[in-house]
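Both complexes below contain chain A, partnered by chain B and then by chain C.
What follows is the complex of A and B.
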């Protein structure tokens, strides 16, 4: 039972890393290397909110409010990124990759200058644990599971059941066809990048109490996010969920079995294996 | 007559210039540590520790060598990309070949020390660390300034077993990389003399990338029901998360590591859980003010410069490591790597400014007595979450008594490089 809860917990962590990137990469085919740093900025937003207004409002209220703060900060960054970099370089994906890589380093340095390299700790605003039989799960992790599940379902409904979502999917499937149908590719592109950035920021805020906050926490998150969206299938939210669950299960079992040193190798082999058999990923749409 | 005056004036000018030059000459010190990335949490405080050490002398007019000449100290940080051996060598090349550095403080990580050993020795750059890690008679310019890591893990776990006779089961939690491997071997070496009553119940290394999910790591450890957990490899935030997770899993034993970032722990855990449970031993922790007035002053200077939230025990570790170099410079006729090395090894002991008379050792492990064994303070948290001095290990005496048992484990762990 404990292992099952660990798997659920880890799957939700990986979804936090991957959800925003799945949206951006899936729709715009743009590699935003700064995605991990947006996640990191969301975590720092949570830290600042709880530190500054927590003494007045209470830690839990401040923590919830920090999601809005994280979304605003990373949303604005997403707008800036789109206008300054992505819109001008849409036909040069490699240049976008390099530009966003530079942005990621810049953001790390800025945060180091503002907060120092040592990192910060954000205690869980929801202390305590819940017992399920012999197994335990901290309330903070229950919150992560619930929050990211809500975010995922909400995103799915937005993409599948709304007019905005139809336009986003149209651009993702066939930009030329979408233009012919009167869809503004530019507007959809910006909306997607901003939404993906905001999701990254909110995910960072959700995860902030779990493992500590450092200026460099985005790098590890980004690597995992890329593996998940590639294996899950580009453009597929449910593919990302499936891949997150797959890696959550494998990583949990391997760590519990003491084979943690082989994790990176195993993840890479799985990714290559899936791609060799299913080049579009588990749930990706064929090109 | 005019020619005589000219010659005299020229000689006077030359004398003035040489005096001026001697007083103004600069000792270049390099600090090869992660300056960016995740590992900067250790590397930047270490670099700052050396910078503040240098600043102490620079503000007093410079450090004096045995000839009476004063020298300013210039410190430069070089990035080794999180203790990667290849990047360590690249950083050393830049420091030595481009910048003319004469003294370097580097990591104890064995792979990194091995990578730079020939270069440092060929160029007579005295290269020290806050521990040993790797030393060799073939590379006499590689030294260990203080007991430090990884040897401190051995003495720390042994101290705790001696002081707590009810410890019967120990879990060793180390990351799967070079210094994690060294830590594992030295922890086992510290337990080796007590195998009649102490059992190692867990020692699988974890993947650092999985340290974001403590439950998968902590679960098997909790299942092994240890009385003492010794760790090496978690970042400050991960350490706090690990202790919190173990508490949630019902663990009520002791924790030990080279150092803890206390504000991370006090943020997440209650004082009554921390009280008397968290042990550390890593050269010296300057936040504990009773061990040495000079170290206490260093702590105040660090906090004043960088803020309390930026304090890290690694800063005082680096500061302490440089005091051996300091002693060498003060004993040498000139502040070159070669002269300072000769001064330091002129006797079997060095009078370290912080730790007192300390002996060179290491031949049984490394084949060279180039590791200065300084006394090891052991710290424990109190109910307020402060670090307090619990005891001081006479490492020389311990090694004399337990070397045989320890060496067997060190050999098995690949840490013995003596021929």
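What follows is the complex of A and C.
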């Protein structure tokens, strides 16, 4: 039972990180390397929000409000990123990758200068633990699982059940066809990038009390997200969810078995193995 | 054949050779007149120069690997492990073994990684490189974990502590590898590899084996990286995972973006430029990534083919002016 809960917790963590990346890539074929830094900025927004308005409103309210703050900050950055970089370089995937890589270093330096290189920690706004049978789980983790599940289900509804979502899917499947049907590819592209950035920011804010906050937290988590979206099939959001669950399970079992130090190696071998057999990932479409 | 017509004339090989010689001459002159600090910086610059020319060989096949620095780390760790007891192999020999080890690891990586293209390739090499780096940290018995392995010596024929002699060794390696890479680039195989980089389907239909050619350039480029890693480790006297950071990878890629990769002088020019910037901000090293990031961002937005592209444009405008006169 404890193991099942841990798997759930780890999966939701991997999912929140990979989701925005998979969305942006799936629709626009753009890899945002600064995604990790958006995540980190989300966490710092949460930190600022809780320490500034927390004393007056109470920690929990401030924590919830910080999601909005994180979404605004990263959403604005997403708009900027689209207007300055992505729009100009739309047909050059490598250049976008490098440009966002450059951006990610710049953001890291800015945050180090503003907040210092040493990490901050955010006391959990929801203290205490919950017992389910003989398993225990901190409430804060329960909250993370619920929040991220809500985020994912919300995204699913937006994509599958709304008019906007239909347009987004149309662009992802066939940009030319979408244009012929009167869908503005640029508008959809900008919207997706902003949505992906906001997901990164909100995830950062949600995770802030659990993981600790450092200027380098985004970069540290990014390679895992890359492995997840490669194995899941780049661009397939549901593939990313499945791969997050796969790695959540594998990593939990390995940690339980005391082999936590071989995680990176195992993950990489799994990725390389999947690539050898299915170059476009488990659920990816052939290109 | 039309595809080959897009590639360059043999004249450019001379240009590449000149580039290699100019770098060696420039570094030697600076080292002769400079302070000991400058000499140290020149050693690092020359090692990075080996790294960028080996990296350029990989990019000719059309894929930008992000595992290059991690593979360089394989070479570095090979030198560290093999030159210490119980192996006790002479350091000079381990440089070659380090190159071989890097080539071997890259050959193992090549099969899965080269099945991917474009974004998939960046992502999978990035993830593979990062996983390799995690291995350096996690396999403590072999690699010493985060603190690494210390007390690695200079090769026997270089006097310990003599930076100038070590610099001469690095330059010799740079010359040999540079010669090798430019000859490879100009050979029929190199030409085929560039053809594959330009248009894979067309090359295949002309009877080339794209997979084998791409794997070849990936492995050969990685061998150079492994040798560079060995040199760096021997010069520093210590190897640690932090030496093979994503920042160094960024520097190498940035050098190729800022400089361009069509000719050998492009990445070297880019590297020189970035190194000068880095040294100019020596007092505030924490700002260096910010400045590099800004430069790369500006280069990608405003100078699409890098400094090489600028040179080409300049030359074109000169030619035009001469014609009008």
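Heads up, the rule we're going with is that the second predicted complex is superposed on the first by the 287 of 287 C-alpha atoms of A that agree within 3 Å, B and C clash if a C-alpha of one lies under 4 Å from a C-alpha of the other, contacts with A are read in each partner's own complex, and residues count from 1 in each chain.
By our rule, a residue touches a chain if its C-beta (ideal position, glycine included) is under 8 Å from a C-beta of that chain, and two chains touch if they have at least 3 such contacts.
These figures come from a predicted structure and were not determined experimentally.
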Since both structures carry chain A, what do chain B and chain C do when superposed there: clash or fit?
clash
In the overlay, answer first, second, both or neither for which of chain B and chain C A:123 touches.
first
Who does A:252 touch here: chain B (first), chain C (second), both, or neither?
first
Pick one for A:213: touches chain B only (first), chain C only (second), both, or neither.
first
When the two structures are overlaid on chain A, which partner does A:279 contact: first (chain B), second (chain C), both, or neither?
second
Determine, under the contact definition given at the top, whether A:55 touches first (chain B), second (chain C), both, or neither.
neither
Identify the partner contact of A:29: answer first if only chain B is touched, second if only chain C is, both if each is, neither if none is.
second
Per the contact definition in the header, classify A:94: touching chain B only (first), chain C only (second), both, or neither.
second
In the overlay, answer first, second, both or neither for which of chain B and chain C A:112 touches.
both
Just chain B (first), just chain C (second), both, or neither: which does A:10 touch?
first
Superposing the two structures on chain A, identify the stretch of chain C from 201-209, 237-245, 291-299 or 309-317 that clashes with chain B.
237-245
For chain A, which residues lie in the overlap of the chain B contacts and the chain C contacts?
108-109, 112, 219, 261-264
Contact residues on chain C for chain A in the complex?
64, 109, 111-113, 115-116, 118-120, 122-124, 126-128, 130-132, 134-135, 138, 246-247, 250, 253-254, 257, 286-287, 289-290, 292-297, 300-301, 304
Provide the residue numbers of chain A that touch chain C in the complex, in ascending order.
25, 29, 31, 84-85, 88-89, 93-95, 97-99, 101-106, 108-110, 112-113, 219, 223, 226-227, 229-230, 234, 261-265, 267-268, 271-273, 275-276, 279-280
The chain A residues in contact with chain B across the complex are 2-3, 5-6, 9-10, 13, 108-109, 112, 116-124, 129, 136, 138, 141, 210-217, 219-220, 251-252, 255-256, 258, 260-264
Name, in rising order, each residue of chain B that touches chain A in their complex.
36-38, 40-41, 43-45, 176, 204-207, 209-217, 219-220, 235-238, 240-241, 245, 248-249, 261, 263-264, 267-268, 306-307, 309-310, 312
